[in-house]
Amino acid sequence: MVYLTRRERFNAAHKLWVDEWSEEQNFELFGKCSNKNWHGHNYELFVTVKGTPDPVTGFIVDVKKLGKLIKTAIVDRVDHCNLNLDVPFIPKGMQPTTENLVILFWEELAPLLEDCELHCIRLHETENISAEYYGE
Amino acid sequence: MVYLTRRERFNAAHKLWVDEWSEEQNFELFGKCSNKNWHGHNYELFVTVKGTPDPVTGFIVDVKKLGKLIKTAIVDRVDHCNLNLDVPFIPKGMQPTTENLVILFWEELAPLLEDCELHCIRLHETENISAEYYGE
Amino acid sequence: MVYLTRRERFNAAHKLWVDEWSEEQNFELFGKCSNKNWHGHNYELFVTVKGTPDPVTGFIVDVKKLGKLIKTAIVDRVDHCNLNLDVPFIPKGMQPTTENLVILFWEELAPLLEDCELHCIRLHETENISAEYYGE
Amino acid sequence: MVYLTRRERFNAAHKLWVDEWSEEQNFELFGKCSNKNWHGHNYELFVTVKGTPDPVTGFIVDVKKLGKLIKTAIVDRVDHCNLNLDVPFIPKGMQPTTENLVILFWEELAPLLEDCELHCIRLHETENISAEYYGE
Amino acid sequence: MVYLTRRERFNAAHKLWVDEWSEEQNFELFGKCSNKNWHGHNYELFVTVKGTPDPVTGFIVDVKKLGKLIKTAIVDRVDHCNLNLDVPFIPKGMQPTTENLVILFWEELAPLLEDCELHCIRLHETENISAEYYGE
Amino acid sequence: MVYLTRRERFNAAHKLWVDEWSEEQNFELFGKCSNKNWHGHNYELFVTVKGTPDPVTGFIVDVKKLGKLIKTAIVDRVDHCNLNLDVPFIPKGMQPTTENLVILFWEELAPLLEDCELHCIRLHETENISAEYYGE
């Protein structure tokens, strides 16, 4: 079993905000992340798949195909978007935290992989914060 | 003459959008950067000052003081903000491009430096794009 | 189960030196790391916790709180310190190798986490050397 | 159990090419990687071993000895080489993909480790693509 | 005057080899870089242009257009190529050193820039070696 | 004129401390950097030389020779050392700040270069702080 990781990047705006809370309550928990006018990030996305290298091609997956799948399933739908407003697969009212995003990205990508198995979605929000999800 | 550089970071939302243009015109020039719901970046800011090291302290500037000045003059006013809406020193209607930001940041910071001279403002918007300004 | 990682940094001096050994024996095993006048590193510390995102906040942990805990438990006690002399939780005579430090850091931090579980302590001593510990 | 990782680097040329296929077939699957005149990469190799820190030295392995072993077993035999032509332990006709290389590197290095156990071979071909192998 | 830098990347094979010299002479000066079967690198290319931000668009240049020009003039002609054999604008027999490449890249790109002026070509061959050229 | 940059790295301990001042005065200016038991850094050193590429070799300097010169003149004399105590060319009592070090390194290296001219010494103390010196 070999694990192959491909990095993709996207830029997006978001805020952390619970509608049922007051501005003060939102600020108390989320701090500056609750700014009603949004802030944003350069996200780095690492997708890891696993499988056995094909004896002829040496591939566990065609990494260019994998890149296209990641773009179709995730990057093209979040890049230069507002994660609270623009992305159909992020439920309205769900906080677009790094933790929630890795789960949502898994659910979009996993069903599309045919030749190999999804192993991990890792997402870096800043150089200091990242989250990982292994499907359960 | 020695040059000292300090890095700071901030996260912000913005869009590129000319009010006088139609949505199509904006999209034609600015592409996805014109998304009306904003996108955002992790900005890396490099401030370079120049001077002669003090014979006793070895400093051309107290780098902690410099860091505080950069925070007061720039970072605290843009971090987790919307660059089109929230920042008093960015004129309304001016595009918050990396090119414009380095000039605006220079104008905010330069007058506050006392012991050394500002040499360069460099700003990275992504790992692939950065701008520099030397004051003229 | 989602894994969240937060990076912190600190700078410290240390040396590798066994008191019971001669200078030659120490140099033979530890090389330049045995210099009696110390050397030092910029350490990068990655703390990974695991848990389930809260359905309202999207957090497995408040990452700002986590940052403060890491600072209180570890970073503030080792930053700009001498790891052989200044740190109460590093036993005298224990080598401050990257391998030992990840275990000691785990023991300081794990009992303080309330809302989530510590998963991994990773410490980079240089860009070429790092160690990880998973609690057993 | 502590995990220690050491990074080494090497530069090499290669191409992806199945002799039994036509130039068109090779280009269809491998794209520009099938260029008959080769291309190349700066590879980053991360070797992770596991063990218990020695109570006296604090080492799970002497990291300088580990570095020398990695150089002898792998780096000196692939650095500034052509991975399709110059490396005895890469079978002729096997594609030098990142996936295949991590398995081959494991097989060269694992038998040479005496004081600790090999845990993982990770190889980065570009900043966007890497592979990992855990020995099975 | 503002300076804008765009990074592009490419992977290529090359060797350093003077035809008029013996294999020993080539090895004496170029070391492993003279391997007759080639080696290769992940190159990082930084192109810096200068100009005044447009008062309406905030651009000194449309960075997407600039990216396309760099791709057309340089990256598409060297990516996944052999720098000694495949690139028409590298004279046969000229060593494809980082120093020579920055000059050649300047000569290809400078005439194509219309709205702004080329300021610097910087090329990283490895994380330890880079070259810069300012047009004279 | 082409500029060639080579990176080297070293690890060292130091403190910032003026003997004529009290502990309180030292702490007031230097903060944690005045810890009497030292702290340390992973330093990154970038040496830039300038010259014209040789028409036969494509070199402005043999980069391996340059690397050896940098090691002999600087790196081997500061690596795994205490910058306040162990380095003959750092005057006793002079603060080993990044600003002072770039000047001292210039003075050690410049006289040894024969085939090319020293252009810049850049030294990174942390990922956030660096200094540059151009010889005057």
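Order of writing sets the chain letters: A, B, C, D, E and F. Residues in each chain are counted from 1.
Simple rule for what comes next: a residue touches a chain if its C-beta (ideal position, glycine included) is under 8 Å from a C-beta of that chain, and two chains touch if they have at least 3 such contacts.
If you're wondering where the values come from, they're calculated on a predicted model, not measured in any experiment.
Path length between chain C and chain F in the touching-chain graph (shortest route): 1. Of all residue numbers used where chain B meets chain E, under half belong to both copies. The two sides are thus made of different residues. Equivalent interface to C-D within the set C-F, A-D or A-B: A-D (over half of contact pairs identical by residue number).
In this assembly, the C-alpha centroid of chain D lies 28 Å from the C-alpha centroid of chain E. One inter-chain figure worth recording: chain A and chain F are separated by 41 Å, centre to centre, where each centre is the mean of the chain's CA atoms.
As a whole-number value, the distance joining the C-alpha centres of chain A and chain E reads 34 Å. Residue positions of chain D touching 2 or more other chains, listed in rising order: 31, 127.
Pairs of chains meeting the touch criterion are A-B, A-C, A-D, B-E, B-F, C-D, C-F, D-E, E-F.
Residue ranges of chain A in contact with chain D, taken from their complex: 1-8, 53, 56-60, 62-64. If you check the complex, the residues on chain B that touch chain A are 9, 11-14, 31-33, 35, 37-42, 79-82, 85-86, 126-127. Residue ranges of chain F in contact with chain B, taken from their complex: 16, 18, 29, 31, 94-100, 102-103, 127-134, 136.
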